[in-house]
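Across the two complexes that follow, chain A remains constant while its partner is chain B and subsequently chain C.
Entry: the complex of A and B
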């Protein structure tokens, strides 16, 4: 993979025809396709190399000679990166690495993007004008609280995967993987291949539920093959899959020493007396992914509630959002995986090209559209199978922290609902500070909404005017552009 | 062979990826030396040294470290070279970095 952290000029850039936010699979496919079509593209991404979370790779200094050993589909990614490199050299794509876009606003017929720069957004700030906007901001992991989940040694499953892919490190030697969703299988296998002992993969749902939709499965043979491949790899590494179970307690005082795994009923309620201890030094946990919609929601893009219970962008067949001049691709339209993201990235770019240059729809676009519908059907099935059952709230104890930043417990949230009359998650937040901390509810948002138990809340998008932390000095300059 | 299946007890992430890293360097964590490899984040260097905790929370003083691994959860905040609230999972380690455990909001010095 070519190095992609070349310095970009810091001066205010010219207006571009298309700004793509996010250089993961969807954004990368979109950027190179749009540039192939002759558009002038700026690709903004927080990381210093393309790939997003899925194709996260070790930093060049780590000298990985086999980065493909950490990934599936590496050849396809390498081909996209090579195309990106050619477009960068030719000046058709400007790839702005280390750019965290914190807000987008309409300015006349254009979009103005505001970004802070540097590895954690502390180095500087910049703005950019674009005629069209394509949002490919991906997703973050969904978490459900349980007793002990704040103890050091409990890490996000996707987080453990990300740290392994980028830093070539493991958080411990004996790792239980738990939660729900197909990502857990990939994580468990990765950790085992990297040398960890993975005694169990604890899945709250069951894989049999996929059988309810044989037609959807038949239309997605690739996903069936992937499941079979994961099953074989789990067996090879002696990882025991435990379905319809969840971690209901974590043991240890300063760090994880073991977990208790309990059986669940169909609604994910733990069955008393079924708890069994498994010794481990790390628990990697996650309940699938949630689309990152801050920028899109900020400019008024409409959302829908997906089968997984989380908000996703409402998109048409050309991947237009409900706001003219704004497209989206990949996980922002609902969690669907890397193949769907690559397909949607290309399709969205073709839709942008048609908008910019005119011309009839192509056979390629029609084929992509059919693939997309097929994969979206699988994504909805996956979302429904792994959607947390209502009984998960029974895992939590009164003193279980739900909001990790503000240290707000289940008990405090239940009191706000039952005794103080909070009827929705916003009122819960105002009364308890749940979701008001550093992460702005990115980690606890889903759980707080479910504990608040308001039907109108379900699947509603979070609203965050700032998509990442922004220094006050940058905000002040953004308000008075003549100082920028 | 594209996907070597190494099943020995000596499996490591570096061996899996065929890593030939540049020269290791030193950072300090709460005064003691920690080895880091070029390109690793501060959180990755700490994990490699079996350190999982580098912050205590504001309300209950509970220990925390990296959780989401991608800069989204802010649990991995540390004080780096005197600056509090740096996300250790995003910040690359640099030779000589002085990392200290962050207590609460990391601004206790302001109110003394």
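Entry: the complex of A and C
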């Protein structure tokens, strides 16, 4: 183990009043609001720069002059970063970049956070205590398997967007964007703007379903405007959305040469004979996002099953989790987008301040609470519209890999369920190894759960007591931080 | 048969093959209880002479037979155990234990300090010596349970997953008539309690007491590594941990490599009820102990940790056989940290008891009603 670098904080400093995990839009808004309110804050994030999954500045040296071209609300982000800078200078926020928190545990009335540093967790380790904890760990992309999805040239849609933002690189020249969810539109537009041909945007649901909740739409004019903006941009780039369709096969031997797009029935079952080939060199595919709940679940925060079929934290109006002393904001409470994340970050921090300092609720907090409710209603609608229909499992063939890390196929999972008595995702995992590999089921978790087909298990959170890999030597010293 | 963990699965297998008509009922899926959290060590090395060792020796032979008839998927491997001692004092204790075990029928060979390296090249230097136990073996517990249930079904047993038993039905004489589940009543003159750590709760449904308590264990799993460790390796102190009655934490781990690459380190032992939160001090101490045995592991990354609750009875012996307090009720639970190893022998004893046949070994020490106040005074212990 290399020794910790000089500027690294002491192993167990005095406890802070608030630890915020995640410096995406939610965590960033929370940290600066809390510091504005006089709290002393530590902000930790695994990444090297603030911004999370949405705001990604291109790496320095790429010569990018206008990162804002790829982001809406860049000015708002820049303002948050400026406030963060001032609080850092004033010593009110300790900002620990490159710190991956691998576990949180209760110690008396406080929370102890354990983090590793460095790209593979081998550079060092930090342990710190905080009186209160705010979890803003965001989300990861949701994938559904289909024949050929492991071929080189198939990339995550959100991942492609992230790559474009941070590296300004295109994954290919002719890119089919597919899956489900509003993010796909943003991805298709960004790729086209950056110079790619996007021959098709394949959406498994339809957008018409939004129309069934006119009140929710009326409460979210911003989202309507955004939809219209995307629609216009898609038209400008001559990208035709193909709704109620899915990629059901990928062609190519060493890498992607094309895809077959089939029509789906209302349950997302492919209609035989409707397959149509589209040539491309990259397929960017994703089925929305899944909240990243490892730390929250690890300390016992209750979850609910969101309308999108994934687990999200159960939160009250003050964004308190069910565990006293723990708040959450942003995608951890359900996928809802960057505006909701910013709103919740600020609201959660105000709720923490009220808890720490007392005092009556402010008009600002009440207003934030109202916008949050409106946006949450939209988020639930979005989740329901794009929730994978039960027929998606028909896309897979018996030999389609579901868990890529351990090379577990649909057929193996079906055998475990039908013949070996597996009844939920845990027993499927035990009997097939699905989800036991490097990513610990972060990619295949949703799909395995659906294939296991256990009603009681649907929308339950995955349990990962370690939020990331931890060197054994770090674990060995975690109990005795004074020698860390 | 209430419970489709490894014990219920083995009981169903031997009972069905003996010609009994068997229904296996579980509130969850197969292997969803402690079995799914177990490591699958089939050890004779960690048991001191006495009834549990006799049961383990019988089981070791039965597992070897089962490995011939069940699919390779159960991952049976007789890789042998290597117990090492750090100091001359602990080596003396280990040597004394081993000689007692030898007398009881265990195979064990002494390994001198300078021979340890040829068996395990990555062991820490400076150990005093050890013993090699060739009978120690391994199965994948969940797959073993699932294939036992499947083989039991091939022999005519039926499986009823997702049905919790909510009542034990008895007739006018007090004898068992069957069980009530969410899906209706299952009638049978014999009910076997194979509910593991819930054994006390099922016994209570039949109106009797069985003091099964949970003893939590954590396991660490590393990233896949090249084959560094060949045997099941543990420190001599482990034997004392296993048989300790203390509620306090014990953390001397068994360390072993797996065919898939990850190294398994486990498990801790502590009585903390059903606490499901991660205990950093516990996993930390497991990590420390593993790195002390194999310094090469210090750089390995731990990908995951999981825990389970061992079904613990105060005298560390399982409850096996008829419950004299309720005719027709049999128990097969409370195996603590050895239920996977002891499952086949347990099943053979239970099957013999149900059929009224001669048992393969003396079942008296495992008598389920031995914790009764009245029964205790009767035996004057």
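To be clear about the criterion, the second predicted complex is superposed on the first by the 464 of 484 C-alpha atoms of A that agree within 3 Å, B and C clash if a C-alpha of one lies under 4 Å from a C-alpha of the other, contacts with A are read in each partner's own complex, and residues count from 1 in each chain.
By definition in this document, contacts are C-beta pairs under 8 Å (C-beta built on N, C-alpha and C of every residue); 3 or more make two chains touch, one makes a residue touch a chain.
As the structure is a prediction and not an experimental result, all values here were calculated from the model.
> After the alignment on chain A, I want to confirm one thing: do chain B and chain C clash, or do they fit together?
Taken together on chain A, chain C would fit alongside chain B, as the superposition shows.
> By the touch definition at the top of the document, which applies to A:112: first (chain B), second (chain C), both, or neither?
After superposition on chain A, A:112 lies in contact with chain C alone.
> After the superposition on A, what does A:129 contact: first (chain B), second (chain C), both or neither?
In the superposed model, A:129 contacts neither chain B nor chain C.
> Tell me which partner A:477 touches in the superposition: chain B (first), chain C (second), both or neither.
second
> Regarding the shared-chain residue A:438, is it in contact with chain B (first), chain C (second), both, or neither?
Once the two structures are laid over each other on A, A:438 reaches both partners.
> With the C-alpha centre of chain A at the apex, what angle separates the C-alpha centres of chain B and chain C, reported to the nearest 10°?
Reported to the nearest 10, the angle reads 90 degrees.
> Which partner does A:171 reach: the first (chain B), the second (chain C), both, or neither?
A:171 sits against chain B, while chain C stays out of touch.
> Between chain B (first) and chain C (second), which does A:120 come into contact with in this model arrangement: first, second, both, or neither?
A:120 contacts both chain B and chain C.
> Which chain, chain B or chain C, ends up touching more residues of chain A in the combined arrangement?
B
> Quote the smallest CA-to-CA distance from chain B to chain C in the superposed model, rounded to whole Å.
Superposition on chain A places chain B and chain C at a least C-alpha distance of 5 Å.
> Following superposition on chain A, which residues of chain A contact chain B and also contact chain C?
120, 122, 438
> Note which residues of chain A are touching chain C in the complex, please.
On the chain A side, the touching residues are 1, 103, 105-106, 112, 114, 120-122, 298-300, 416, 419-424, 426-427, 430-431, 433, 436, 438, 440, 454, 463-466, 469-473, 475-480.
> Hey, which residues of chain C end up touching chain A in the complex?
4, 28-32, 36, 142-143, 146-147, 149-150, 159, 161-162, 220, 222-223, 260, 276-281, 283-288, 290-291, 297-307
> Can you check the complex and tell me which residues of chain B touch chain A?
That would be residues 2-6, 10-22, 37-41, 43-45, 47-48, 52-53, 57-60, 62-75, 77, 85-87, 89-92 of chain B.
> In their complex, what parts of chain A are in touch with chain B?
Chain A residues touching chain B: 46, 53, 58-70, 119-120, 122, 140-141, 150-156, 158-164, 166-172, 193-195, 236, 254-255, 404-407, 437-439, 442-443.
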